[in-house]
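Taking it in order: structure first as structure tokens, then the write-up.
Chain IDs A, B, C and D follow the sequence of writing; residue 1 opens each chain.
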Amino acid sequence: MEKKLNLGSGCVIENVNVAKDHFVMSLLLTSICKDALPGQFVMIRKQGVKDPLLSRPLSLYGVYQTDAGTVLEFLYRVVGKGTWALSRLTGGDQVDILGPLGKPFEILPDRNHVILLAGGIGVAPLSYFAEYLAKDLDRPEERGEETASARKVSFYLGATTAAALVGIEKIERFCTEVRTSTDDGSAGFAGTVTELLQQDLAGLDHRNLCLYSCGPAAMIRSLSQLIESLDIPCQVSMEERMACGIGACLGCSIKVRDASLGWSYCQVCADGPVFDIKNLLWE
Amino acid sequence: MPDLSVDIGGLKLKNPIMTASGTFGYGEEYAPFINLNDLGAIIVKGLSLKPRMGNPPPRIIETASGMLNAIGLQNVGVQAFIEKKMPYLRTLEVPVIANILGEDPEEYQRIAERLTPVPGVAALEVNISCPNVSKGGIAFGANPESAIDVVRRVKSVTDLPVIVKLSPNVTDIAMIAEAVESAGADALSLINTITGMSVDIDKRIPHLKNITGGLSGPAIKPIALRMVWQVVNRVKIPVIGVGGIMDASDTLEFLIVGATAVQIGTANFINPQSTIHILNGLLAYMEKRHIRDIHELIGTLKC
Amino acid sequence: MPDLSVDIGGLKLKNPIMTASGTFGYGEEYAPFINLNDLGAIIVKGLSLKPRMGNPPPRIIETASGMLNAIGLQNVGVQAFIEKKMPYLRTLEVPVIANILGEDPEEYQRIAERLTPVPGVAALEVNISCPNVSKGGIAFGANPESAIDVVRRVKSVTDLPVIVKLSPNVTDIAMIAEAVESAGADALSLINTITGMSVDIDKRIPHLKNITGGLSGPAIKPIALRMVWQVVNRVKIPVIGVGGIMDASDTLEFLIVGATAVQIGTANFINPQSTIHILNGLLAYMEKRHIRDIHELIGTLKC
Amino acid sequence: MEKKLNLGSGCVIENVNVAKDHFVMSLLLTSICKDALPGQFVMIRKQGVKDPLLSRPLSLYGVYQTDAGTVLEFLYRVVGKGTWALSRLTGGDQVDILGPLGKPFEILPDRNHVILLAGGIGVAPLSYFAEYLAKDLDRPEERGEETASARKVSFYLGATTAAALVGIEKIERFCTEVRTSTDDGSAGFAGTVTELLQQDLAGLDHRNLCLYSCGPAAMIRSLSQLIESLDIPCQVSMEERMACGIGACLGCSIKVRDASLGWSYCQVCADGPVFDIKNLLWE
């Protein structure tokens, strides 16, 4: 049962303010996270600082191997004191990293049309996933081939308003198709991203589809209603406040279906963050 | 190397660094980070007779130098603990202490009965901070009579050392400590979390679904230390200090005021190797000062 | 501008931002930094019948997100307060509240008698966290009977609004609050400091000469907030929230759970303009959300 | 009674590690502290940080007027988390400053031989005082004159060991005479600095002397015994833990003689930090 130690430190390379309240931070690590997969996350904190006290969970937005070591990228939004403190870091600052943690997205080889559905900052893990798929990192044998991948990847990105559609350049680089929506209609489809997907689904062959999603609870919930009656596999990355990140504190429970009890709590950090949407339960 | 071994009501520990219940899972979760056998003891997540779902999320929120939790004692229950968790824990060479909790005194007694014969369970830690369902939800630990009742019942069915974990949410913790000692407790641990609350001012709702939660972490250390000091001055049984211990220096404060051992809680979340760093720091302090036995430190406060 | 005025047991305040006793001297000390007339009220350092020397130093030590103090109620005494401090305070256009403390119930009564006729004293805040010398040193606030005794005596000799300041070092603060309300208190303030301790591990002595001290600052905010919430749900009189308030956001948490006003303590030490920053932040929050009256915020927690 | 606002912020110019655990920090201030006098102190904290919570008192080690504003210098020793946090500051960091606070050293114009007696970090305020006296800043009429000041300034500096004798270059620049002692005899006189002074006092005209001192409590105490029977005016700068720095919290009390009560407590921040040694009381 001994897993390998995934605790280490990283050095901030840069921390760029990419949009209002949004930052992309890149770190250089020498010992851990080499094999971090899309959907996984790390617990991160500034080294030597006692306030904030707890580490914060952030999804991987990019993982690159360089001569100097592994470079991790995060895309995050400042919502409170933890993310604010992260946003103050500058090149050379040291951070403590616990990770990679959690279950990654599972790739279904039989499904050739991958739909990634992101709301707000949910774009982070799905962007990395898109890059991973585009580079065929799961299929080393096809890597580097000149032929286009047989896989089609459609990225659905929703936000409240045009200015909050962050990370779109990266997505465009790696996806076959990018569909955007804004609540206020300032860019793309006017409405929620789930509504946009619902429209499009009508014209697609469901047997070839697989869905991955990350975003606000309300979005995941309407997605779960949308595909309830459809036979499309759907994995979602969930969020809950975390303390330990490793299944020890039971702080990050969410409700899931349970065969014998009807429902039970499951840990987002250790049993997730990626779940089959069919297993989730809503109040 | 200095001698760090201590005796907690008959239970011998090779060093005084234990893990606090609820912050160290069932031990296994920390195996990737430290050699569990280096610890003085492992105290597992609180066990109830039946499995417990726990409270709805959100369950945690950070506060100034602390955190609030309202896990609601989610746990696998004593049966699954024995079947699924003990086999791994038994492979370790470290004493395993089961933290137990009940909704009424009978439930404590029945859990103690179930755990006593289980090979590998070295002691019981009785958590009397839980609400006493049969007495209107006031915590057992808030009242000397109900605390005595629980401890007597547990003692009557077990020959394992019984550590009683006290609640800080009381007017006079030393009075509860004396009551519990008189009921036969072999040792005391304190403090459990202090009830607190935090509010989301945008949504005007509590940050925790359960409204209130237990405060832990560095914020509570001065309170924990004061309570340990008050209690060691009033009881003869060993006292285990818990509350906001983050490093060797915090540990030393507790030992100096008179704790025989300490438990590390929230610190495990911040760094899963905290216990080992603390152990090393303690050794370094002793070596620097040529202290050869930890008992040369315990209870040496001059005042 | 939104209406911030509140009524504290008959005392009208233009806004809910008061200063906590013992952290704002006699007001004058902060005159170089803020316009004292901008405050809702000033509560002065606790007054005893005779001047008090206070405790030997060291009297303070910082802890995680907090500080311990053992000032020991050093104060000029009620007579010197009236003669030397009130003349200045009377020149202000802000209600001045005298915080009083006694060693026995008679002493509270006599201080109240002395202060009641003094022009400029707008209300009394009765600090029942002090040890009751005639009852073996247990704090008045730890026991409903002695708390009631003090409040009845004070009420019997004054027509000023009487605010009773509760101690958090109790099992059930709401029960004490109800007792104090039944004795005629016009309002409550909570919490006073929580008893804590800190040890110098090099010298193996307590950091405070007095051994223990009172913990204040952000560390205690979750506990204070929980206690305010418990108390507002049990009493009808207004409750003033105190404990770890550093900014407008903290203030809003207290108002939302049901406090009618707040007191700013330790924050004054960190920035002598804290009260004014808090007031401005509160106004900004209300304006942004088009809240025109502070009462649209007070006690609006959804849970 | 309204005093002028002495609250502002400063920008770290540099923060130099001058000896083991000892730093000299210089700050640029634009609004306050222009007229800060020797013996006064400021309450200082890193801006925007909540840990450490309280500001820390530091004596002025130098005050200079420049075109950009007032430059303050501090000499401090790292003893705990507050001073450690200060030592981490680097150029450009902002600090909050409350000051100048407290009573400065009082200059006695009739006494032409000034003795400054410093133990350990007590060197900080006395160095600034030496500089102030050397530059005749109290006597504008004599400033800039070519003639040497009529004042003689002897600096007595004691430490545990040679390496702990910090700040000596500055002292040498501004004092007529520098006398050092170390407990272990590794530099200067072997013994305490008070013992050294005691030796020297025998050969001096007491009527012309005035003494100023700052250092550990034990040193001040033996100094007070030494001069008890002598008729030399002596001012000492005292230390106590502080929270507010302005006389409001009553945290920094020390015992002083009181005509009517025998003794009473006095605030180091507001009634001091400089006291007449004759007014101090020892347990």
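The rule is short, and it goes like this: a residue touches a chain if its C-beta (ideal position, glycine included) is under 8 Å from a C-beta of that chain, and two chains touch if they have at least 3 such contacts.
Keep in mind that what you see is a predicted model, and the values were worked out from it rather than measured.
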- Query: So, what's the distance in Å between the C-alpha centres of chain C and chain B?
  - Reply: 34
- Item | chain C and chain D, separation of their C-alpha mean positions in angstrom | 36
- Quick one: chain A and chain C, Cα centre-to-centre, how many Å? 48
- Residue numbers in chain C touching two or more further chains are 64-66, 217-218
- Item | chain A residues counted as touching two or more neighbouring chains | 50-51
- Which of line, ring, star, complete or other matches the graph of chains that touch? ring
- Item | All touching chain pairs, where touch follows the definition stated at the start | A-B, A-D, B-C, C-D
- Show which residues of chain D lie in contact with chain A when the two form their complex. 49-51
- Item | Complex interface listing, chain A residues touching chain B | 1-7, 45, 50-55, 81-82, 96, 98, 240-255, 264-265, 270, 283
- Message: Which stretch or stretches of chain B touch chain A in the complex?
- Response: 22-25, 28-33, 45, 53-54, 56-62, 64-67, 69, 71, 74, 88, 217-218, 246, 266, 268-273
- Touching chain C in the complex, chain B uses residues 63-66, 68, 142, 169-172, 194-199, 201, 203-206, 211-212, 215, 217-223, 225-226, 229, 244, 249, 252-253, 256-257, 285, 300-303
